[in-house]
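There are two complexes below, and they share chain A, which is joined by chain B in the first and by chain C in the second.
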Partner chain A sequence: MVAYLLRRLVSLLSILVVVGLVVFFLVRLVPGDPTSALLGENATAEQIGALRTRLGLDRSLLAQFGAWMESVARGDLGTSIYMRIPVVTAVIQRIEPTGMLALAATLVAVLLGVSLGVIAAIRHNTAVDYAVMVIAMLGLSLPTFWLGLLMIMLFAVTLQWLPAAGYVSILQEPVASLRYLLMPALALGFSQAAIIARMTRASVLDTLGEDYVRTAHSKGLAAARVVIGHALRNAILPIVTVIGLSIATLAGGVVVTETVFNIPGAGRLVIDSVLRRDYPVIQGSVLLVAFVYAFVNLLVDLSYAFFDPRVRYQ
Partner chain B sequence: MIRLHKLNVLVLIMAMVATLFSVAAAQATPKAGGILRVAITGDPPGLDSTVTTSAITAEINNHITEMLYAFDGDGIVRPMLAAALPDISADGLTYTIRLRAGVMFHDGSLLDSGDVKASLERWHRLSYGKTVLKNLVAIDTPDALTVVIRLSAPVGILTSALGFDNYASGIYTSEQLAGAGDDPIAVPIGTGPYRLKEWIRGQSVVLERFSEYSARSEEPSGDAGRKNAWLDEIHFISVPDAATRQAGLESGEYDVNYRAAGEDYEYIESSSKMWPWMPPVGYNYTLLLNFNSPLIQNLKLRQAIQATLDMDAIALGAFGNEALYDLNPGVLPPGFGGMYTDAGKALYDQRNPELGRKLLEESGYDGTPIRWITTRDFSYQYAGTLIAVDQLEKIGLKSEVIVRDWATTVETRSKPDAWEIFVGNQISGPEPEMIAIINPGWVNAYNGSPEFADLMAELRVTADPAKRAELWAQAQEAYYEDVGSVRVSDTFLLVAYSAKVHVQARYIAFQAWNTWLE
Partner chain C sequence: MASEIASVAAPRRRAGLRRLLSRRIAVVGGVLIVVITLVGLAAPLLTPYDPNGLQISNRLKPPSGAHPFGTDNFGRDVWARTVFGTRLSLVVGLSTALITAVLGTFLALLAGVYRFLGELIMRVMDGLMALPATLLAIAIMAAVGPRVENMVVALSLVYLPRSTRVARAAVLVVREQIFVEAAIALGAGNRGIMRRHILPGVLSPVIVQATYVFATAVLLEASLSFLGVGAPPEVPSWGIMLSEGRLLMRNAPWMTVFPGTLLALTVLSVNMLGDGLRDALDPKTKRG
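Then we have the complex of A and B:
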C-alpha cells in the first residue's frame, strides 16, 4: 500500500511538472505582456523596459521557468503581476461565487429539467408535450449571455424585482445572496435543463410502456406514485449520466454568466488574467486545477480499498 | 361657486411661485451624505497614478492625492497644494513654489516641502518627470513650506506638467515614498477630499470622506478650486460588461455608468432617469502611422491617405453619434487651454479621392498591402479601421487587416516591422508636450520632419504663452504637411449619471467631489 502510494505521489508530481511546463511556455507563446495593462498604452519604451526588468520578464524563459518551479516547490504559486496579491489568495477569494453559481445552476437544471421531462412524457403527443419541447428547444438555442441580458432587462430594469448584477456572500447575507443568485442561476441552468428535459422525456417514455408500470397501474396505485416510484426510478440512469455531463458543460457557461451578471468568480479571474497576460495567475490557476483533479483521482482510487476489502494495492 | 378675491389670487400665485422656487432651490442645494456607486470598466492596475498612464487609475487617484497645481474647467493651470503660481526667475531656470500651510495628509501629518521634494524626485525618476525635468539640477527645500526647483535649461511647461494627471506628480508623504521605493504605492496616503477605505481586488475600490480635508477657497472649476466632499463614500465597482453597467444604472444598482456605449447616447439623453456627460477634453482619434515601415516613409503615399479620407464617415461609423466627436484640425483640443490652432486645416478632412488617387500614382506604390492592426476589444478601433480601409481601397491602396486582442495589438504596435497603420484614440491635453504621439519617448511617437523637430525643440524651452502658441501653430502646420499622423477627430467618452446625482462644477474628467445625491 505504501509503495503504491509513493508511486502515485511520484506520478502526481510528474503530472504537475508536465502541466506546469506546458502552461508556462504556452502562455508565453501568446504575444503581448503584462506591461501594457500595468503602464497604460502611452508608456515610454524606457518605462516598459524598466518594468519588464523589475518583473523579471527580461530574463531567459528557462531562468523564469526555473524560478517559478522553485517557488512552486516551496508551496508558493507566486504573486499576481496585476493585482499584487498571492495567486492562492486571488483564487480562494473567487471560489465561493463560482461554486455557489455552479451549484445553484445545477439545482435549477435538475429540478426544471426532470420536472418538465416527466410532464412531457406523461402528456405525450399533447399540447403540453409540444409546449415543453418548444421550451427545451429555446433553452438549447438561446445563448446564455443573451438570455441573461433579457432577464436583467425584465426583472431588474423593468420590474425591479431583482438586482441587475453583483454578488453577496451567502455567509454574510443569505437572503440577499439568493436574490443575487436567482437570475444568473436561471440563465445558466436553463440550457442544461433543456438537455435534461429531453433525455428525461425519452427515458420515462420508454419505461412508461413497460409491464411493471402497467402492473402498478392495475394494482390501483396513484398515478403520481407510479410515475415517480416506478417509471422515473427505472429511467434514472441515463438521466444521471446526462446530468453529470451537463455539469461539465456548465463550467464553460460560468465564465459568460459571471461576466454578464458581474459575479467576481474564478472564471472571470482567469479570463481577465489571460487578457492582461498576468502569467502567475494563469499558471497558478491551471496548476491548482490540475493538482485538485489528480489528487481527487488518487483519493478516489484509494477509497476503493476502503469500500471494497477485496481490493489490494501493490 | 367659490369666488376668489383679487388679493387672494395674488397670494395664491405668489405662493405657487415661491413653491416652485423652493423646489428649484432644494434641487440646487447640495446635500451631504450617501454613497455614490460608480460602475467602472474593470479593476484598476493600481492606485498610484505616478507610475501608470491608465485613465481609471488617474480618475480614482485624483480623489485621494493632489498635485501642486491643477487645471480649471477652461484648461488654465491654477494652484492646488501650492499657495500660488510659482515665482519663475527671469532666466527661467529657478521655480520657487510656496506651499499652503496646514494641509493635512490622510495619516494626520502635515504637508511640508520634504514631502514635495520626495514626490517630485520620484516623479523625475519613474514617470513623466523624466521628460519634463530632463534639465533638473536640484530640488531644494529652504524652509518647511518652500520648494525651489533649479534647472540647467528652461522648461516650457513645468507648471502645467505639475498639474497634469497622466503620469501624475501626485504628492505623497515622504515616509510612504521611502517605504515604496520604486514600486507602486499600494495604499496611497494623500491630501485629497477622499481617502482609501478598502480595495477588494477585482471587485471594488471604496473611498470615504476625509473630514479634515483642507479645501481651497476659490470657486470650483475643473480639477481646481474648492473641493466639497459631500458624499460619505464613493464605491468604484468593477463591471467589465458595458450592457451590464447600463442595465445596472437603469435598475438603480449603480449611480454612474463610467463608460456608457456611444450608441446609447440618444437613449440616455431622452430618459428622465439619467443624463449624459462628456469630458471637454477628449481623445485625438487618429490613424497612427509606423514610420519604421518603408511604405509609410513614402511622403506621397501618406499624403494620398490624408487627401482621400472622409473623417465624418469614419468618426460616425466608429462612435455612432455626432455628439461623441468633433471634426476640427487641432491636434490639441479647442476651448481647453490656449494652444488650440487650426493651422494646417487645408490638409485636414479633404475628402478628395481624385487627389488621393493622383498622389498614390506619384508615390510609385507597387500594390504591397498596408498592414492595419486592430482589435475587436474596442469597437471604435475596429469600425474606424474597416471604414478607412474601404475608402482607401477605392483609390487603389491594398490592405491587410490584422485583428488581435488588445494586449497583442499593443505589443505588435511596438514592433517596428509588423504593421503600417493603427486607428485609435491618442491621449490629448492642453500642451503639445503632453501629447504622446509627439513625445519622443513614446514608442510610436512621430519624430518629425527637421522643421517640426526644430519647432518642438524651441517650444520645449519656451515658457511665454504667446510665443508658445505661435510656435505650436507653425509646428502643427509642419505636422500636417509631413503627415505626422492622419487625424480623424476629437472624440469624447460618454458617462451616464442617474438623475438623482447632481454636480456643481464643470468637470474635466470624472470626479465625485462637488457631487451630491438627492
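Then we have the complex of A and C:
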C-alpha cells in the first residue's frame, strides 16, 4: 500500500511536470512580449530591457522553465498583471462559489445518475428502462450552457420560482445560497448524471445475473436489499471510476456554468483573465486545477479499497 | 491469398453494416446527421438573407413568415445565422475527429513498435489528460487567438490523448493475438505487421471513438464561442448566437431557443450514430 502510494505520488509529479511544460510553453506561444503588456506601447528600449532582466526573460528557455517550476514548487504562481495581487490569492478569493457549485453538481450527478441507472437495470427492457436511456442520451447531448439558459427562461423568467443568476455565500445566507445554487447545479450535474446512469445500468445489469443475487432473492431478502446490498455493492467500482472521470468534465463545465449564471467564481476568473490577457492568472489557475484533478483521481483510486475490500494495491 | 482475405472480409463488413442498419437508433442518428450536413451545404439556397447582414430597423422581430426564426439585436435573420452556423460546427467537429483518429492511431502504432518511445508518448498523453478539456482548450485559445483553424488545432490537442489511449489499448490487445505471432515467426517486419495485421484490428474502436470526439468537439466549440474565446465574431456560430441571446432572453427567447435546438440535435444525432456503431462493430456488447 505504501509502495503503491509512493509510486502514485511520483507519477503525479511527472504528470505535473508535463502539465507545467504545456502551460509554460502555451504562454510563450503568445505573439509579443509580456513586457509590452506590462509597460504599455510607449516604453523605451531601456525600460523594456530592464524589465526583461528583472522577469528573467533574457535567460534561456530551459533556465526560465526551471526558475518557474521552482517558484511553483514554493507555492508562488506569480502575480496577476491586471489585479496586481498574487495569483494564488486571486484564486482563493473566488474558490467558494466554484467549490460549492462543483460539490452541488457532483451531488446531483451521483444521486440522479445512480438511482436512474439502478431503476433502469431493475426494469430492464421495459418502458421505464427506455425512458431512462432516452433521458441519459439527452443528458449527453444537451449543451450545459443551453440547458442552463432554458432553465433560467422557465424557472426564473416565466415561473419566477428561482433567482435567474448570481451567488450568495452559504456562510452568510444558507437558504438563499441554496436557492441560487439549485439551477446551476442541476444544469451542470445533468450531463454527468447521464454518464453515471449509463455506467450504473450496465454494471448493475451484469451483477443482477450473478448467482449470489439469485441466492439472496431465494433466501427471502427484500428486493430493495438485494439490489442495494448485493447487486449495486458489487457493481460499484466502475461507477466510482466514472464519477472520478466526470470530475474533470465538471471542472470545465464550471467555467461555462459560472458564465451563464453570473457566478463570481474561479472559472469566471479564468475567462476574464483570457479576455484581459492576464497570462499569469491563466497559467496559475490551469496548473492549480490540474493539481486538484490529479489529486482527486488519486483519492478515487484509493477509495476502491473502501468500496471493495478485495482490492489490493501493489 | 489476398483475394481470399478480401472475400472473407467483404461479407463480414456487410454483416457489420446490416447490424448497424438493424439498430434503429443508429439509422435515425445517421439520417439526422445527413440532413443537418445537407442543410449546412445548402445554406445559401435555404435563405435569401446574408447571415451577417445588419438591418437595425428590423431588430428583435419575433418569428414571422419573412423571418421564420425571428431577428436578433442587430436585425440579422436568426434562421440564416442558424443554418450557416451548421457549417462551422460540422467543419470543426469533423476535422477534430479525423485529425485525432489518424494521429492517435499513428502514435499508438508507433508506441507499439518502439517501447521506449511508447512510454514517452503515453506519459505526455497522461499529462495532457490531467488537464480538463474545456480549460486546456481555453488556455490554448487564449494563447493563439480566436480563429477557426486555431480552434481545430486546440480541440485536436485536447482530444488527441483520449484517442491515442483508445487506439493504444486496442494495439496492446491485437499485438498478443496468435496471427501476429505467426507473422513474426514468418519473418514479417515491424512495419508490415503494424500495417497489415494490427491496424485493421484497431480501426473499429478508433472509429467509434471518433464519433464521440465529433460530438464532444461540436459541444466544446459551441462552449468556447459562447465564452467569447472560440470562433471569431464574423463567423456565424451557434455558440456566439447563444451568448448574444443570453443577454436578451426576456425580450427575444427565439435567439436562444433555435440555435440551441439545432446544436443539441446535431450532438444528439452523432451520439446516436456512435452508440449504434459501437454495437454494430463490437459483437460482444449486448443489445438492449
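Observations on the structure shown:
One rule holds in what follows: the second predicted complex is superposed on the first by the 194 of 314 C-alpha atoms of A that agree within 3 Å, B and C clash if a C-alpha of one lies under 4 Å from a C-alpha of the other, contacts with A are read in each partner's own complex, and residues count from 1 in each chain.
Criterion: a residue touches a chain if its C-beta (ideal position, glycine included) is under 8 Å from a C-beta of that chain, and two chains touch if they have at least 3 such contacts.
Keep in mind the model is a prediction, meaning the values are calculated, not measured.
By the touch criterion stated above, A:Leu275 is placed in contact with chain B and with chain C alike.
Looking at the shared chain after the overlay, A:Phe261 reaches chain B, while chain C stays out of its contact range.
Contacts of A:Leu149 after superposition on the shared chain: both chain B and chain C are touched. Of the two partner chains placed by superposition, A:Ala127 touches none, neither chain B nor chain C.
By the document's definition of touching, of the two partners only chain C reaches A:Ala294; chain B does not. Of the two partner chains placed by superposition, only chain B is touched by A:Gly166; chain C is not. Applying the stated contact rule after C-alpha superposition, one finds that A:Glu46 touches chain B and leaves chain C untouched. By the touch criterion defined above, A:Ile85 reaches chain B but does not reach chain C.
By the document's definition of touching, both partners, chain B and chain C, reach A:Val157. Within chain A, the residues touched by chain B in the first complex and by chain C in the second are 30, 149, 152-153, 157, 259-260, 275, 277. Contact residues of chain A toward chain B in the complex are 30-33, 36-48, 50, 54, 80, 82-85, 90, 93-94, 149, 152-153, 156-157, 160, 163-166, 259-262, 264, 268-269, 272, 275-277.
Chain contact summary for the complex, chain A toward chain C: residues 11, 14-19, 21-23, 26-27, 29-30, 124-125, 137-138, 140-146, 149-150, 152-153, 157, 248-249, 251-253, 255-256, 259-260, 270-271, 273-275, 277, 279, 282-283, 286, 289-290, 293-294. In the complex of the two chains, the chain C residues touching chain A come out as 123-124, 126-128, 130-136, 138-144, 215, 219, 222-223, 226-229, 242, 245-246, 249-250, 253, 256-257, 260, 263-264, 267-268, 271-272, 275, 288. Interface residues of chain B, counted against chain A in their complex, comprise 42-43, 45-46, 51-55, 57, 126-127, 130-131, 166, 182-184, 186, 200-203, 237-241, 243-244, 247-248, 250-253, 377, 404-408, 410-412, 414, 426-427, 436, 439, 441-443.
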